[in-house]
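Labels A, B and C are assigned to the chains in the order they are written; within every chain, residues are numbered from 1.
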Amino acid sequence: MAKTVAEIADAMYKLVKDATGQKKLKATDLTKAMVELYGDEVDKQLCKDAIKELMNSGKCVYTYFGGSFIELPHREGAAND
Amino acid sequence: MTDERRTDYGPPHYERFLPPIIKENYGKWKYHEVLKPGVMVHVSESGAHLYSVRAASSRLLSIEKIRAYCDLADKYCGGYLRFTSRHNVEFLLSDAKNIDPLIADLKKLGHPVGGLQNSISAIVHTQGWIHCHSAATDASGVVKAVMDDLLEYFTEMKLPGKLRIALACCLNMCGAVHCSDIAILGIHRRPPRVDHENLHKMCEIPNVSASCPTAAIRPAMVGGKQSVEVLEERCMFCANCFTVCPSMPLADPLNDGVSIWVGGKVSNARHEPMFSKLAIPFLPNNPPRWPEVTEAIRNLVELWAKNARKYERMGEWIERIGWPKFFRMSGIEFRKEHIDDFKHAGLTFKRSTHLTF
Amino acid sequence: MAESLPKTPMLDELEKGGWPSFVKEIKLAAKKSPMAVDLLGLLERSYKEKIGHWKHGGIVGVMGYGGGVIGRYNDLPEVYPNISHFHTIRVNQPAGWFYKSDALRSICDIWEKRGSSLTNMHGSTGDIILLGTRTEQLEPIFAELSKVDFDLGGSGSDVRTPSCCCGMARCEWACYDTMRTCYDFTMKFQDELHRPAFPYKFKFKFSGCPNDCVASIARADMSIIGTWRDSIQMDKAAVTEYAKNGMDIQSEVVDNCPAKCMDWDGKELHIENSYCRRCMHCINVMPKALRPGKDRGATILLGSKAPIVEGALLSSVLIPFIKMEPPYKELTDIIDRIWELWCEEGKNRERVGEFIQRVGLGNFLEAIEVDPVPEMVAHPRENPYVFYEEYFEAGDEGSEEEEK
């Protein structure tokens, strides 16, 4: 059974949440993890759509530290109020 | 639900911004000629003549200046203008009578006209201290000082060929300086000062170690905190670690400065594209006018101008005469720093007896 | 609203001289913008101290996009509170950097209201750079840009804003329609441009001829450079005219030909086109007499970059000649395969060129299903260390043993 965008977005969100403070994940890390987890039930386009959903919902944000990552929203170290 | 958020619509279509004469002659241009410094005409198969007037700009522009450009474009060419890949502004005229009044207005505005053919065009450059976190020198200030000094070579066409100068304020090279006739490159010379107090909060330690191309960074406990140590003798000051981790700053007033590189080119004309090579390993940051840098660059420009054959770019000239002669003629001291010791360095050693004396 | 300007004796020095002064620009902006006032003060301080005062922000952006905004904070926010935030916005430029005044004015109006009033026309990526604003202004700026049809550009590990030369709009040498191709590619790859999903950045630059006015071969991961396959078009009468007007065709044209494929007998110029390397020199020097041939297209090269991390690279040939016509399917299929491979196996911050260096061009070509051709190398290998992947055992089908 193919997964829905919302299901994949939730699974990705959990990955990001669990990795917080341990390792910054990239979009490709999330996609690879989904393929590993769900095999034929996901494809790349579905993962792309799920990431888009995750971002548009505001549950995750893109960050940049010498490369782009996907993280939970937080106040960054460099920020001035 | 509110209105669907508009995303992914891309830039406006360029056709909206093309003057009628370009729309009518798109793809039909037959030849062009440079009429005088900064002015060229493109002639179409249809017989149409399009005049372009190129003026220098400082790249960093206030909206007041952009509005002034717009006023000139409205006055002389139906509101149409463009910018070049080297930050010049160009006005696109269909009436030759407007050329000289436009040039006069540009001069009043403080923008000299030139930069075509055998001249020095504007310097491609980066942000420097105006905006960059990793700058080893300023960009706009060095460019201003160098071009004030070389202005005659922008407004006249008296050089043997083209000369392209570029400046990058650190090794990231946002301005691709690595293939320029003369490149000005900001460099650090002091290894990163690790902020042990905050590093573990700001950065992932495995990422920081992995970022170093020479494996000079190792995880370490410092003062009871997880951090990293730097094997200083292995540091080549690339600042890649700083890019992935802000707790590894390299900027340092005593040791930062500028290096000068020569002989690169991008165009395929005659010689294939080439990288620039190290000419002067280090010159100090000496604001506001960087006199050591402006002097070094004027010397290089004039040495090339005096000795190169027609059309010969800096790199082509040096290749013809050989690097030893270049160092003798320029008076630049050849030092250990000039010899490559990174990957494939052996390919840059002289492997023949083709030498001049 | 204007504040009194800080004392800036060092910067004031750079108001003098004949080249346009960026200090004058900042002061023009400072008439209305408190951000520009503080920038003057901070920059003067950098000139005195010989060090920058900016911190890199890594999280600010507009909702849903991972590119287009570069976060900046100064490290002395109490002293320069107006530029405590000073984020850059990259706005995707129209192809070829052509504008009509009304469009530029609309950007100026937004930026006067919501930013520092300072810009770069343009940044190194080709984008319009809006230099310096606060976090809370990002969304309103994006909304207002959207109303005047300007979208954000790329930043981070995504497709960077593609850029191109003016091509057929104003150049007789354009061997394909650079502006159209640049626009089409920008639109096709909007998702990849706004939502970073790569190991690192990927740049397209489109040049109409081998003069390469956008430095594609030095700066683009994929360099698309116009060329032609047939003979240089020659107007013999115009050649004679150049000679009559004093051009020394032997020394200026023939002697500079890298292929030595031309000769000039004082009356007629002969080109042996099968040896021509498409360098452009003769055409550059005699634009009225010589033009690129009629069978035009592009050479596709791959992999250039500046030094960080593993050293600078120039792009190298991937496809010697391809017709550049919509929908560019052959090329975009190859691009898809390149991205798929690179996303699967590339390391963080590894550009395509570095990836190829690591895995080997031969292996890379095999994986993206492109056949090797001699145009891809300056010369074949000089060492005998070939990685053969298979070998025969006695009795194998096809082994010499069996053939006997």
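In this text, a residue touches a chain if its C-beta (ideal position, glycine included) is under 8 Å from a C-beta of that chain, and two chains touch if they have at least 3 such contacts.
This one's a predicted model, so the numbers in the text were calculated from it and none came from an experiment.
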{"item": "Farthest chain relative to chain C (centres taken as mean CA coordinates)", "value": "A"}
{"item": "Closest chain to global C-alpha mean, per-chain Cα centroids", "value": "C"}
{"item": "By number of C-beta contact pairs, the top two chains", "value": "B-C"}
{"item": "Cα-centroid distance, chain B relative to chain C, in whole angstrom", "value": "13"}
{"item": "Distance from the mean Cα position of chain B to that of chain A, given in whole angstrom", "value": "37"}
{"item": "Chain centre separation in whole Å, for chain C relative to chain A (CA means)", "value": "29"}
{"item": "In chain C, residues with contacts to at least two other chains", "value": "55-56, 63-65, 191, 348-349"}
{"item": "Multi-partner residues of chain B (each touching 2 or more other chains)", "value": "5, 207, 211, 240, 243-244, 246"}
{"item": "Where chain A touches two or more other chains at once, by residue number", "value": "56, 65-67, 78"}
{"item": "Complex contact set, residues of chain C against chain A", "value": "55-59, 61, 63-67, 71, 73-74, 77, 84-85, 155-158, 191, 195-200, 343-344, 348-349"}
{"item": "Complex interface listing, chain A residues touching chain B", "value": "23-24, 56, 65-67, 77-78"}
{"item": "Residue ranges of chain C in contact with chain B within the complex", "value": "10-11, 13-14, 16-26, 28-29, 31, 36, 39, 43, 46-47, 49-56, 63-65, 72, 86, 88, 92-105, 107-108, 111-112, 117-126, 131-132, 146, 149-151, 163, 165-166, 168-172, 174, 177, 179, 183, 186-187, 190-191, 194, 210-215, 217-219, 225, 251-252, 256-258, 277-281, 284-285, 287-288, 291, 306-312, 314, 348-349"}
{"item": "Chain A contact footprint on chain B (complex, rising order)", "value": "5, 198, 201-204, 207, 211, 240, 243-246"}
{"item": "Chain A to chain C touching residues, read off their complex", "value": "26-28, 31-32, 48, 51-52, 55-56, 58, 61-68, 71, 73-74, 76, 78-81"}
